[in-house]
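Per-chain residue numbering starts at 1, and chain names A, B, C, D, E and F are given in the order in which the chains are listed.
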Amino acid sequence: MPVDRKSLFKRVPSGIPGFDDLIEGGFPENTTVLVAGGTGTGKTTFAAQFIYRGAELYDDPGVFVTLEERAKDIRREVKSFGWDFKKYEDEGKIVIIDGVSSSVGLPSEEKFALEDKFNVDNFLRYVYRVVKSINAKRLVIDSIPSLAFRLAEERQIREVLLKLNTILLEMGVTTVLTTEAPAPQEGRISRYGIEEYIARGVVLLDLQERNIELKRYLLIRKMRETKHSMRKYPFEITSDGIVVYPSGEIY
Amino acid sequence: MPVDRKSLFKRVPSGIPGFDDLIEGGFPENTTVLVAGGTGTGKTTFAAQFIYRGAELYDDPGVFVTLEERAKDIRREVKSFGWDFKKYEDEGKIVIIDGVSSSVGLPSEEKFALEDKFNVDNFLRYVYRVVKSINAKRLVIDSIPSLAFRLAEERQIREVLLKLNTILLEMGVTTVLTTEAPAPQEGRISRYGIEEYIARGVVLLDLQERNIELKRYLLIRKMRETKHSMRKYPFEITSDGIVVYPSGEIY
Amino acid sequence: MPVDRKSLFKRVPSGIPGFDDLIEGGFPENTTVLVAGGTGTGKTTFAAQFIYRGAELYDDPGVFVTLEERAKDIRREVKSFGWDFKKYEDEGKIVIIDGVSSSVGLPSEEKFALEDKFNVDNFLRYVYRVVKSINAKRLVIDSIPSLAFRLAEERQIREVLLKLNTILLEMGVTTVLTTEAPAPQEGRISRYGIEEYIARGVVLLDLQERNIELKRYLLIRKMRETKHSMRKYPFEITSDGIVVYPSGEIY
Amino acid sequence: MPVDRKSLFKRVPSGIPGFDDLIEGGFPENTTVLVAGGTGTGKTTFAAQFIYRGAELYDDPGVFVTLEERAKDIRREVKSFGWDFKKYEDEGKIVIIDGVSSSVGLPSEEKFALEDKFNVDNFLRYVYRVVKSINAKRLVIDSIPSLAFRLAEERQIREVLLKLNTILLEMGVTTVLTTEAPAPQEGRISRYGIEEYIARGVVLLDLQERNIELKRYLLIRKMRETKHSMRKYPFEITSDGIVVYPSGEIY
Amino acid sequence: MPVDRKSLFKRVPSGIPGFDDLIEGGFPENTTVLVAGGTGTGKTTFAAQFIYRGAELYDDPGVFVTLEERAKDIRREVKSFGWDFKKYEDEGKIVIIDGVSSSVGLPSEEKFALEDKFNVDNFLRYVYRVVKSINAKRLVIDSIPSLAFRLAEERQIREVLLKLNTILLEMGVTTVLTTEAPAPQEGRISRYGIEEYIARGVVLLDLQERNIELKRYLLIRKMRETKHSMRKYPFEITSDGIVVYPSGEIY
Amino acid sequence: MPVDRKSLFKRVPSGIPGFDDLIEGGFPENTTVLVAGGTGTGKTTFAAQFIYRGAELYDDPGVFVTLEERAKDIRREVKSFGWDFKKYEDEGKIVIIDGVSSSVGLPSEEKFALEDKFNVDNFLRYVYRVVKSINAKRLVIDSIPSLAFRLAEERQIREVLLKLNTILLEMGVTTVLTTEAPAPQEGRISRYGIEEYIARGVVLLDLQERNIELKRYLLIRKMRETKHSMRKYPFEITSDGIVVYPSGEIY
């Protein structure tokens, strides 16, 4: 017997125009979503928009863990979309955890930064504490490969992801993890082949060549508790951030 | 000389509309069936439907071992299909064994949960005991890769599967194992290349792109004691669960 | 100068309608033939038919070593083709060696079963003794991968196959070995890349998609002492077992 | 709300005609850009032009670390484009660090050369010192694979790149790193699969066969803080160096 | 200035009708030729014909080292082509060295057989002695992979082939080595990637599908001191052995 | 500002008709050029022609290091092109260093031959001494894989090539190195993936199938200090050696 799905599951809007229409209004609350794609597909922008619009439009506190770019680079970069992270950071609504400076042995000018020597347990504990301290509803870890590079051996990422899974379940946040998708068309949708097992949702960002131009599209490969289509939707990175065209032909 | 097959082999209906028509009424009793597919192909839904409809329509006690999602996530998720696992759990007809909480070191609120530290022999013993305690006719293990991730080394999965095979033979249940099929078109139908050797049936769930949309189809690759076609059948995940279209063109 | 081939080589009919026409009446006596194919291509049925029809039509004693399925599953399964193994087992014409129960540590109810702990030399010795005891003319080992899984390391299969080759040469039986062919179109016709070196004949069973249906075909890739075509022949698994269509178009 | 991007980010013109039009006037200051391509795609020319035009047209001091060719070969080679490195070297505007002679155990006639035995920390320190000594605004390391070959084990390149990332962040230069792109069409855009993680921009140089001729094209795969198209642009290596055709059809 | 090639190089006719026309009358004397192909492409027949016709038509003593099949199987098999090896063996013109029986630990009934335990140096020494004893002009080793399987580790084949190369150079015979070509179309023309380096000629035997039938063709990929075409020539295995059609279309 | 390239760089004509037109008259002096191709593509002929025509037409002393074929085989083979190496060897204009005999443990009849046991440093020293002794302007090493096979572990070739690079830089010769190109179309243009990094020029020799015939073509993939096209040019191996058709369509 069909039921009223909306009432069943609380939704966390992604803040990405057009995208929430595809997933019954937003991610299921408390879900970990993998955003996978190649270089330059827009993963970091997707993740930053999720945090920023969360704070701006839904009053959701959010934590952005950046392991590829310095916090200040992220801040500067998203300004081009007109997003002022600093403002919400000052209000305690957004925290950016700088995972770059420390990991390369540099002193961080950031308030929130990982400690000197990268250590998995410390890392997870620190993220946990920060999330709790602002009662965050949203979390981003950008990216899984950058996390893996910091380990003594890349394949330890398996163990780290299982541990990460634990604290994600415990914290009750809705999380976006970014990772590399080496060959989405051939079914390889994550770099380490395990990321999708700790995620209840998988969103693929990909590029397809049409007339000597690479076009962006997005595919919801999995989203638990959500009726979603399996179509590829075109999207663009506009001056307002990512916009998905749910009714659009793929170029 | 042809014989009356129906009388030869007892059948265990899958509970999936349209599917049982393809396999002479159901799985051969006592058979282990591998349900293989990529991310988001519907493996968990297939497995949950097998257990739920078994209890609801055929009065078969069933055990669902969940290693990817917490028991409560499974329960919540299938509610969107109108399936009330809780009701049958209270009646002792369905047991969900929570293999997630413990394996990540969290206390489980579940009545049936794996112990603290993952240990293969304990795991198999525990499943065996629970199956016997409710005299289960149906068993699901979701999923093989999630089981493998819990091992010290993934390739130990070979040994685990051989042991699992033993207790499956002994318990007399009809079992659905889910696993990943990295590239079904190229003949790689299981992640570890051994799962299909302990299964007497193999069902592939796959996605094919047609007009920028991924379409779902199902293929019975092997089913011992069963005359089945080798066609690809379209299926959908509706608000009532999976429905297969045995007479349907593939979109 | 051409010679009368028929008189040169004794033939062992496969018992598969249509197939023997393709190989001058049957396998060359004393030959080891590899039957290779993917999951669900009919390898076990081919092998069982070779043993059963051998006993039924040609009065040849035969031994079937089953490493994937229990003896009783094999018996039950082939009943759907109207084949009554039990009858010939009682007459001492067919022996099924149960290699499953023991290898998983279960007591076997079978008269012929491998010992507790899998050991290559014991295995080979046991097969040798059973073959001699009924003076078997035909032997099946189903399958090579299942044999490999029982070894401490899969790659020991190389050594095992070389040893197996020895006793096959000594026993004087005509043998069918089944193995997996990962990608026959690309020339990879055996899982371990060595099986074809101990076999004097190689028969490929494959599936090809035509109009959303997988069609079965068979190709004799190698058959020493035999003039055979290199065409792909369609075959079906009917209620009487495998039937090959030597004059048939491939669907 | 859109903002005036030009005022937000300072731009460092590449000095490559046509190319700067594609990236809002130049690389974002302080950015590390990966120039990836196969053998003979023009990576070294791209990098040398970036340094030379920087000195000539924008008065930017620049450092070129050459690990594939000797300094004198670079100097001689670019003369064919009419570029006189020596002149700017004498003025202290350009430094070429010779990383070839020393690494092969030869005495270098160069003023700036790496020490006898290749050592990662010494290498990074030396580059740092030279950059600081001329207050360089531009840096080239040509190439990552040549760096990797000098390590005891190639896979140590991961650690080296993370360390390199640190000093690049600290030095405040705009950097071009060259690397090999084994199969850009299939998404493998760097030899070690990590180079793109320390770069905020990725430019692919590739060759495509059209009418038995390989044509050159360029694709900006990623450029942080920059609105860029995803088209493939044709380019040529003319007697003045690289010229990109932003309005051009791809041949 | 062109020279009279025929007078320059002595030729060793292959004994394969049509083939010698393609290589200026025969293999250059003293050359090692690799015959590479997949299972069932006719490598062993090619090699046996080279030895047999050599004895029959050119009075050349020849040695055939068989590592895949027993000497008696070879003898029996070629009888179907009307070739009577026994006759020439009795005359001391042909020797078959049985490398199968001993290597599997069986006593050989053969006059020429390898010793009990496979040992590379003994093997090479034995072949050398036999070649010298009958003053053989032709030698076959069938096959390289079978030789490799006898080694403790397959990759020792590299060292063995280099040693083999030595004695081949010293013995002054014209040699045919057979090996597996996993994917000739993709340029992988030998199993171990080294066989072609010790051979001065490479002949590929391949199968191509045309209208559901595999057709045989032959390609001379390399032949030192020989002007040869790079066409693919059809060939057949007739009741007289291999026949190549130099003027033939490929089916 | 364009410059007169001819006056800038001294050219070393290859001696291959048609080819020098493609590279502004010849290789840049002092350059190492990699000639890469599969089996039978003409690499050795290319290299021998470079040495022979160098001596004959340009009075350049040359050294040919042969690691695949014995010196006498090379001599005999090129005679079919009318090239008399012996004559120039007697005049001290050409030296062939025999790297085969010694490496296989045979005494060499050659004046110039490597010592008994292959040793990298001795090898490089020996080549260096011979080059200096005749004041060679041209050097060939045929081939890199044959060099690698002589090492205890093939992957040591990386270190050897870096050392080789050193002495090539020091000796001031123009060098042709031959190597295997496993899949030039897919961008894999050298067997070990490092050869192209020590070469300032890369010439690919390849075969393409047209109408059941393999056609030869040549592509200059890289040539420092040289304006060259990226077209594929047809070439043939005629009775005078290699001839390239710069104006020719590719068949």
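Just so we're on the same page, a residue touches a chain if its C-beta (ideal position, glycine included) is under 8 Å from a C-beta of that chain, and two chains touch if they have at least 3 such contacts.
Quick caveat, the model's predicted, so the values are computed rather than measured.
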> Tell me, which chains sit next to both chain A and chain F?
Replying inline: D
> Starting at chain A, what is the smallest number of hops through touching chains needed to reach chain D?
Replying inline: 1
> What rotation angle superposes the Cα atoms of chain D onto chain F, in degrees to the nearest 5?
Replying inline: 60
>> Could you classify the chain A-chain B contact as same or different, where same means more than half of all interface residue numbers appear on both copies?
In response: different
>> Distance between chain A and chain C based on Cα centroids, please, to the nearest Å.
In response: 53
> How big is the gap, in whole Å, between where the Cα atoms of chain E centre and where those of chain F centre?
Replying inline: 30
> Just how far, in Å, is the C-alpha centre of chain F from the one of chain B?
Replying inline: 61
> Out of chain B, which residues touch more than one other chain, so two or more?
Replying inline: none
> Which of line, ring, star, complete and other names the graph you get from chains that touch?
Replying inline: ring
> Should the ring be read from chain D with chain F in second place, what is the ordered list of chains?
Replying inline: D, F, E, C, B, A
> Across the complex, what residues on chain F touch chain E?
Replying inline: 38-40, 68-70, 73, 76-77, 79-80, 82, 100-101, 103-106, 143, 145-146, 149-150, 154, 182-183, 207, 209, 212-216, 237, 239-240
>> Give the list of chain D residues in touch with chain A in this complex.
In response: 1-3, 5, 8-9, 158, 162-163, 165-166, 169-170, 186-189, 194, 196-197, 200, 202, 219, 221-225, 227, 229-232, 249-250
